Amino acid sequence: MAMLEVEELTMRFGGLKALDGLSFAVEEGRIVGLIGPNGAGKTTVFNLISRFYQPVGGRISFQGKDLLRLKPHQVLQLGIARTFQNLGLFPYMTVLDNLLVGRHIHFRTSSWALALGLGQREERAFRAEAEQLLERLGLAPLKGAVVGFLPYGTQKFIELARALMARAKLLLLDEPVAGMNAAETQMMGQFIKRVRDEYGLTVLLVEHDMSLVMGICERVVVLDFGRKIAEGTPEEVQHNPAVIEAYLGEEVEVA
Amino acid sequence: MLAQLIVSGLASGSLYAMMAIGLILVYKTTHILNFGYGDMTMFSTFIAYMLLTWYKLPFAVAFLGAIACGFLLGIIVDRGFLKMAKNAPITSLFIATLGIGMILEAVAGWVWGYDTKPFPYIIKGPPVLLGSVVIRRHDLLVFAIAAAIALLLFAMFKFTDIGIAMRATAQNKRAARLMGINVGQIATWSWAIGVGLGALAGVLIAPIVFLDLTRMILVMIKAVAAAVLGGFTSLPGAIVGGLLLGVMENLTIYMPAALAPLKTTFVFLLIIIVLAIRPQGLLGESVGRRV
Amino acid sequence: MRRFILWSGALCLLALAPLFLRSYTLYILNMAGVYLVATLGLNLLTGYTGQLSIGHAGFLAIGAYAGALLPAKLAVPFWLSIPLAGIISGLAGFILLIPALRLTAIYLAIATLGFGAAVAEILPRWTAVTGGYQGMKVPKAAFLGLTLDSDVKLYYLALIIVILMILLARNIVGSKLGRAFVAIRDQERAAQALGISLTKYKASAFFISAFYTGIAGALYSFVVGYISPGEFDLAKSLLIFMMMALGGMGSIPGSVVGAVFLTFLPHWLSGFRGLQQFIYGAALVLVVIFAPYGIWGFVRRWTMPDKLQRLPRPLRAVVEFVRG
């Protein structure tokens, strides 16, 4: 059984059909790309998985559990973390505090105890872990910096690091390299692969940058007008006539 | 009896609506809740009072004097104070309007004194009978002016450059700026027109509630409530909200006698219930966001 | 070590203050303590969690009446009545949770405004319990046979409460609780995706905020010795809001500075009628213009490490200590 299964998912905004009977599956351990022209419904899929939207029809299950019965804040407890297209960082917090919010659900100390100043050991342990993670990213000197003042590309890495702090099994990355230059894109690609291997993660990513998708994805699902028009390895998808047609008029950059 | 209550409710409602529109104009273009509005209205109304009773000038002059004062106050507040605090967050600017209100209150106290003053009605004469409903002449004047204002504003937003630029600014500040609209100037216009409208409403309210330093603040609170009820982003919403609030207030008379003293509480409760059902207010734009 | 010395020094200074100060100044200091606790409460809700409230006088009133009535009518010991007042007020905070879960910014503000107005309207009519418009005399606070009947004694009570409440606020702000609050304020969606329940944490924020303000209310009743419904009006709600915003939103030292400053300001300004109000208003406007992020934001900006280089070392240590 696949880790994430999306079946016949349908979503409407007003009269507009954003998703139309979409089905696909993500196997454990894979890096899967979700691509398609603008407005194809990619982010809508993420927001449905995050439970921000309620679908008109269809099912989403994660490791056999029905996702649609959950509230947005319960999704991570199953093991699904995500990043956001326009950054979901907390701009006035320091880098370290942002990472610690990633650990939020793993704190065992109760709020009452925290208010009394207890639970310092747990806090210190998680803090040390966050610092280690930053060290590995080469971002250790920034741990006390306020996130909102950092360069966009750096913030993207920090957001991903925060998702790693959540100890999730599945990462949903919404345009992880949007606004990055070629060098940064390559770094991010390598980083995603590395953390997938080291942490044993599964990754589902939405991306416009074809060099990243073709470079790291093992499977690609192509959407157009809310429907799946192709699925396969990057090579297969690249030569699929339906895909080429959908992207006609948009420049397809293939690395 | 019911018709009577509704008609007089509509009259006070029109006044709430007028003031609410002044609040919304400012809010839509600047996102500042003008909590000094009550004091600004009070100050402008005192100008009319002074022109009328000290200098014995005709009503028309006093009326225009008050509106001009409101207009000017709006410009001074925006240009003189708020524009200087360019980087301040919205909550701080909200505090600044409170501070300006306090200054105006202090000055008004020195100039016009601290006691409550009766304010003359613009038109006198016996009330008009419409079937079994008695309508005060003053209320007729209020209806006429409110309708005229509504039409004028509608025309302004539809046909004049300033009106259209205001709408654009309210919808998307950055896009408006890119289109060559001087957003800062539009904010000043909104302040001028907004506070001017308050002054106009003030002169019409003062005969009913009398005039002193703080009474207009209570009226402002009702205007805020009306604006919120209507959605805070919509001018027609403010009119509906104002009228509804005026009528609701009057209808609280039907409440059981024991609960009658809790009138304000019930009005607020109603507003909160309306908001719980329609979080964006009656005619407001949806606040639902997409990621 | 240096921090420890400076902290103890500050504490000693505060503990010895009654030796140097007049009773009247102590009374104002006690009031500053009352508002400090209330401002902390509002700041946790508005500054940290982003939930606007201009009805906190309602909670102050609930705390004040609970603090006065529990010992007077139910013979609850005084040491218990203060925390109980906080809890009662905190539970009342849940009333605002329902609109808070549905409404944003300005719409929530009007709901809180309505809450404040409702409390102000109900209190004087509930004559049997509250004594109606005339208000009621608050029994003297007594503790282990010690009656707190002077401003000096009340000063120590206020000081203890203030220190406890500041420590509590520091713990909250520095823990996952405080981070969840800020997360909700800045990015509701991202907060949810990270497992933060809006219902749970908004409820916590409202409870904590109302709890603080309720404690402040109870302290108020003991400091003033006499309470009447007219004191808890919109003006008081706005006063607490101004203390928070002028001191610095989302900052504990900011709340301290804002509350102390605005409590003392009217007392510094004595003069003929209206002047006080004028200067108060002008001060508000000036602070907004020159210190848009509040007085504390201003202090922090002008005590950045690079600006301190020229100060002599001991002085620098003090400034750095104050800066936090």
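Letters A, B and C name the chains as they come in the text, with residue numbers starting at 1 for each one.
The criterion applied here is as follows: a contact is a pair of C-beta atoms (placed from the backbone, for glycine too) under 8 Å apart; a residue touches a chain by one contact, two chains touch by 3 or more.
Since the model is a prediction, treat every value here as computed from it, not as a measurement.
When C-beta pairs in contact are tallied for each pair of chains, B-C comes out on top. Geometrically, the chain at the heart of the complex, using CA-atom means, is C.
Chain B and chain C, compared by their mean Cα positions, are separated by 32 Å.
Centroids of chain A and chain C (each the mean of its C-alpha atoms) stand 41 Å apart. Work out the mean CA point of chain A and of chain B, and you get 48 Å between them.
Of all residues in chain B, those that touch two or more other chains are 291. Looking at chain C, residues 189 sit in touch with two or more other chains. Residue numbers of chain A whose C-beta contacts span two or more other chains: 52, 84. Considering their complex, residues 46, 52, 98-99, 102-104, 106-107, 109-111, 113-115, 117-118, 121-122, 125, 189, 234, 238, 241-242, 245-246, 249, 273-278, 280-285, 288-289, 292-294 of chain C touch chain B.
Per the touch definition, chain B reaches chain C in the complex via residues 27, 33, 35, 81, 84-85, 87-89, 91-96, 98-107, 109-110, 114, 217, 221, 224-225, 228, 232, 261-265, 268-269, 271-272, 275-276, 279-281, 287, 291. Residues 167-168, 171-172, 175-177, 179-180, 182-183, 186-187, 189-198, 204, 208, 250 of chain C touch chain A in their complex. On the side of chain A, the complex with chain C involves touching residues 50, 52, 71-77, 81-82, 84, 88-93, 97, 100-105, 107, 109, 111, 114-117, 119, 123, 162, 166.
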